[in-house]
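Next, two complexes with chain A in common: one pairs it with chain B, the other with chain C.
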Partner chain A sequence: MTEATATGAPGSLSGDSTLDLSSGKYIKVWQGPQHPGITGNMSLELVVCGDEVVECKTHVGYLHRGFEKLMERRTFIQNFTMVCRIAVPEPTFNEYLYAAAVEDLAGIQVPERAVWLRTLNLEMMRLASFLMWLGGSGASFGLYTIPQWAVAHRDFVLDLFEEVTGSRIYHMYIVPGGVRAGLPDGFKERATDVMIRIEKMLGEVERIVFHNAVFKKRAKGLGIITPEMVDHYGIVGPNARAAGVARDLRKDEPYLAYGDLDFEVATGTASDAYERAWVRFQEIHQSIALIRQMIERMPMDGPFQAPVPNVLHWKIPAGETYVKAECTRGEYGYYLVTDGSEYLRRIHVRGPSYTHAVALMEKLAVGTNIADISGLMVSLHTYPPEIER
Partner chain B sequence: MNLKDLLSPFYVWQRAFEKPLTSLRPIEERPGAPRYRGFHINEVGTCVGCGTCKLICQNHAIDMVEVEGLEPRGGDSGLRPRFDYGRCCWCALCVDICPTSSLRMSNQYAWLTDDPDEFRFVAGVDAKSWNAHELGYRRDKDYHLVPTKRLEMPMVPPGEGLKSFDEVVKGYSAEQAKLEADRCIECGICVATCPAHMEVPDYIRTVREGDLEEGLRILYRTNPFSATCGRICTHRCEEVCPVGAQGDPLAIRWLKRYIVDQVPLADYRRILGDEIPTESGKKVAIIGAGPGGMSAAYYLRKRGHAVTVYETQQKGGGMLRYGVPSYRLPDDQLDKDIDYIVSLGVEVKYGTKVGVDVQFTELLEGFDAVYIGTGVNVPTKMRVNGEDHPRVLSGPQVLSDVAKGKDPGVGKNIAVIGGGNVAMDCARVSRRLGAEVTILYRRRIEDMPADSEEIHESQAEGCRIVQRAIPVEILRAESDAQVTIKWGEAEMVPDPKGGRPRPVLQEDRVHEDTFDSIISAIGQAGDYGFIPVAERDKLEIKWGKLLPRDYQHTTLEKVFVGGDIANDVADAISAIEDGHHAARGIHQLLAGTAEAGVERKP
Partner chain C sequence: MNALLKRLKKEFKLTEIVERRSGLASCKVRRDVAETLIRELRDREGYSHLAFLTAIDYIEKGVFTLTYMLHSHRDQTNLAVHVDVPREAPEMTSIHTLWAQAGTYQRELHEMFGIEFPGSPRQYEDFCLEGWDQIPPMRKEFDIVAYSEATFGSREGRASEEPREHMKESIYPTRGGDS
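Coming up: the complex of A and B.
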């Protein structure tokens, strides 16, 4: 077992590794980018001693699509169809942040109904995304029934998305100025029905996963994040909340309709993989509760789009803005710079996966049993597509 | 660890007895949601081929292609969008932006074929199983990517307007003009529709970008009467503007006016860069200083030819001056256009009537080419008994008297016969002279050839319009200062051949009304009296119009013709285009060469 070097980087990466890799004691294992235990297309270069990981180096670059550059050559309205592709499992947060940034720069006030419709979409997205994580979480600890249940129930949420937005994955619903349509007739009843089915499934999952001897034995004590590490590594979202840091943008700096909604920030103390899973599990319930509140309280008529100039030659005055929202993994930010032309001067997308999947993963992997690497990675809930815009 | 934690995983078995959540495709179909963004459907009959879908598509998945068997209507490019599903990302921005809402999507999402070329198809034209689907994504009626409302034009209130002959339309402010110009989708359907093919999207862009000098240059490429046309053009461009399908069309005419209004005449020469080229030594005579003749003069003078214009009246402009009241087109604006043309060295002989003061044959002998732009000045008869009554006035005469500052003496209670712009102008002029006005028109208001603004403003100013009223006879009234008209109600009978409905007089519903005067404004015809019989016999004249050939050439070698006397549309913009086109033809004749790229577009 090795000590981390002074810079905090693994020795095999910085070149000052103390390990004698030709000693015959170590094996290098390349995990990913197609390994099912990796959350998307990235890979880990692991140095293993026996079955213990002694060094970990992360590799990204398999998913680079150059969105930020592409968006500098497209008009403000065209970009709205692109941003959803930046984080595949969570398009809505990208749609919202892009629209909010454009509105901020163009000085557009979104009507009340659109605010609620956007909040509803964001929570539905959180629910769908967490259900997908739940599936991955079960699978990475060998519980292969859970992904089937969780992903099937995620599809019920996607059904709701389909009827509201017209699409299941790339919704392209939140458009600069508002949203594209209101709720269809009977949505409230169908959404309530889906929430009941998901809650029933969650009850079973709680019993099968969280009261499961195997899961407990493997996840407890895995990948402990101390409260001191939180700011040092830039850790946000459930990863930070499980360490007892009650940070949640929805509460701390309420945006959209969150200021009007009733919810508590879920936190934990143990800060291991089990605790993080438990915090997320609470947030799934929280999302369902928020969706229920919203479909009861949201305005059902009125405009859902603020007047926008002709989008074909929409110019936005020079300026810059940073907007942020709490996605399932923590603070998600969009930084936009405009120069008064019909195009963006610069856009930067900052997702939480960048720190979680690279710096933090390299730190936490050390000392872990190689069989738990997948579980550790899923417990950090990272999306490589948002690392590589 | 406790026993419960060891046993609880076995609860998964309870789901083994439940109905599976998966569906049995393809045995069971699962239709997309009613709003699903599936395959494209285009209602080809509603689509005008404006190409805005292609413009907004960030994937370049849309081409505009010609469709076999599609007969383009007016205001239709004849092209239709072809989709490439190798590129499409189903964002539906094309549906959202579609001005006519002809484009939508079906909720069908599965399509299997072994021929990849099939995935490129013309929606609504190529037979597809989903073409008749009702369900699928459509743009919500409250959701727009282009502002639908026109910026309201500041106007003098109707009550105020009646007190004077001052201009009623005030014109846009800079801010209003920019906002209005912002609504343009740059499809160019207007360019194809404008008789002069003015480059509308290009000059609208100059308003948006604040480069009005460039705007003026673009205007003068096709129209040297822009101050005039910016006020009184019949704006067929606006009738076909696809933006109007969801709300109001672009105020193209007012934007043109905005450009011209912002540029003082003194700056024209510098901005337009019109240097008089070397004199060609050729001379052209133009008969009539109306919009057509003066356009021809402008474009000929720019090519270096010496131009002499013969005008009967004391001032130029023709029907623009003597037929259009000054509250629509103030004299100083018309003067602005004409003065600029004259300033290039065009000689205008006012008060000179061809056939009286100078003979047509003299022009043929003394000049290298002659352009006839005399217009139509002889009022058409109503063809009813008694219409030579002294209290039956001619519409053009009334307008001309008013333009010259004379009182036409219409009286206090008058009737106007007709539904064209001349009739509306007579009615509104009479209102300003203090008369109560009744307009009798043989068809319905929606059939009136007058501009819709003119009709609305007439009504706003208190003119009463009686629809489906056919004059039957003019009778003597008790007093010689009055006249009685016998008119009958008409029923509209549909034309079995599909033409426009025909009014048919109802003999049992005939009324008699007495007025101080009746203004007949049902049309005018050309007067060929100034052309000697020998020459006249060589010309082709049909239905009172002189038939032009290519480049407005007549059958006489040196003679060209244009304007109301040669086209059926009889509006200013057509006359301007005739003049411009004739200038090209005359230049070819004089220079002996064909100019490249001047073939007239259909």
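Coming up: the complex of A and C.
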């Protein structure tokens, strides 16, 4: 039954339901807002026929704290303590992008040592975030040993963060102009030890997840993204790479020290939940290899902070910039507009989950078995706070 | 990118062309031809990726400036297309047929800035806010402090006790705190 809406458009065009919900064939189910698939607080309004999803609407707003508005009335240095809270499992990308955008507008050059320390931090963050995803991924497919192992090993990475930055989650380490500290003595040995432990765990994970008949049966063929969908839906990161689209900002538009590092872009072909998980698994190994390269090659002496003006009275010339980085989910970007005052005119945070969890999820959920919805969500790797900002 | 903008400048009467840095440029286009320009950039010039769509409130000029951030995977360049819409009757052509995720951006812009995108799917549905009855909150004239004070009021301060006296009182109530 197609209902005309208040705007006069048929339901199928306006996005309203075209299903006759009073026919007795359908049930409406709310998945969330408490962690529908261990990805954070958002909810999916599902219409199911039997156990097949026939319609999906994503609802967000449970974590909306109005960051962008709040940042318009705070000074540039005050904002630095807020940005890390925009993506809880991956704060470092926010810190880096905010700092890089401010530096771009203010014309500040970052010392080489700080460039390497930033790159190391971003890769450690990628590793920690992927380990958290690995835990969620295992749990969503009923493999409850994986979260215990993955999250415990993530904690070892957080130990390293604590050594370098003083904090485990919100590091506030990458400041405009550079970073707050160098590496402590003995860091290289301890980091190497953590990488060995994680690699050992990954070997086990590979056997019990990727060679597991249950996981294969449930994840193969789930949520297929065709290469044609990539640009149409704004799909980025591993979700695009698993479809064979070899795009990675670290290679395409190298930033920080990535141009000097040796790595290959991991891609897949099948583009289902299994392939996406496999691409991410390769990227966990890649991240460990990059951390090893960096701790061998990075300069251990020299300044790590460029001089910046008095941050309490910092005015930045009028302008606009867009800086981006490849986070675990793809293109993460900060768009800043300044007007020459002590405050931002506008800041917009572009998180990859914005497209993956809303337009793409609503498309892929249709036709999926309701039991696989959380697996599908985890396979898209979404973080709700970056949708709402 | 310079050659491209030079060519399009005549055809679309582009203004305020600025090369921000290598790989990032911006230009401004009139509202009535913006959708055609964006379509042309997507279909013919390789700007197939819409990184985001947002708005900036220039309350002193009486306009919202929309920013369409486009990216070309051909030459790895980013192009910000700016379009001014008047604040009094903010309305812009929808681009939800060009990119599937554009509808979400437009829905958010309607909620946060009050900009209309006729025909955009679900644009009148709540996005982040539920039952919002004030002016769109991302507009510059929306005063978040006044709203918070009027809506939530000020919270009473917590009572604090002097620890030593408090514990004496708790442990020896009959002795009136005198140990």
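As a working rule, the second predicted complex is superposed on the first by the 368 of 389 C-alpha atoms of A that agree within 3 Å, B and C clash if a C-alpha of one lies under 4 Å from a C-alpha of the other, contacts with A are read in each partner's own complex, and residues count from 1 in each chain.
Methods note: a contact is a pair of C-beta atoms (placed from the backbone, for glycine too) under 8 Å apart; a residue touches a chain by one contact, two chains touch by 3 or more.
Small disclaimer: the values here were computed from a predicted structure and weren't measured.
S.K.: Figure out whether A:255 sits in contact with chain B (first) or chain C (second), or with both, or with neither.
M.R.: A:255 sits against neither chain B nor chain C.
S.K.: Is A:281 in contact with chain B, with chain C, with both, or with neither (first, second, both, neither)?
M.R.: Neither: A:281 stays clear of chain B and chain C.
S.K.: Could you look at A:26 and tell me whether it touches chain B, chain C, both or neither (first, second, both, neither)?
M.R.: So A:26 meets neither chain B nor chain C here.
S.K.: Quick check for you: in the superposed arrangement, does A:388 touch first (chain B), second (chain C), both or neither?
M.R.: A:388: touches chain C, not chain B.
S.K.: For A:76, using the defined touch cut-off, is the partner it touches chain B, chain C, both, or neither? Pick first, second, both or neither.
M.R.: neither
S.K.: Applying the touch criterion given at the start, work out whether A:172 contacts chain B, chain C, both or neither, answering first, second, both or neither.
M.R.: A:172 contacts chain B only, not chain C.
S.K.: Who does A:319 touch here: chain B (first), chain C (second), both, or neither?
M.R.: After superposition on chain A, A:319 lies in contact with chain C alone.
S.K.: Overlap the chain B and chain C contact sets on chain A and report the shared residues.
M.R.: Of chain A, no residue contacts chain B in one complex and chain C in the other.
S.K.: Once bound in the complex, which stretches of chain B touch chain A?
M.R.: Per the touch definition, chain B meets chain A at residues 1, 4-6, 8-9, 11-12, 14-15, 21-22, 32-37, 52, 55-56, 58, 89-93, 96-97, 105, 137, 140, 142-147, 182-186, 208.
S.K.: In their shared complex, at which residues does chain A touch chain B?
M.R.: Contacts found on chain A: 74-75, 77-78, 81-82, 143, 145, 149, 152-153, 155, 159, 162-167, 170, 172, 178, 180-182, 184, 204, 207-208, 211-214, 216-217, 303-305, 307-313.
S.K.: Using the touch definition up top, name the residues of chain C that touch chain A in the complex.
M.R.: Listed in rising order, the residues of chain C that touch chain A are 20-21, 23-24, 26, 48-52, 54, 56-57, 67, 69, 73, 76, 78, 80, 99-101, 103-104, 119, 121-122, 124-130, 137-138, 144.
S.K.: In the complex of these two chains, what residues of chain A are touching chain C?
M.R.: 6-7, 9, 13-16, 60-61, 64, 66, 68-70, 73, 104, 231-234, 247, 252-253, 319-322, 324, 331, 333, 335, 337, 345-346, 348, 350, 354-355, 358-360, 363, 388
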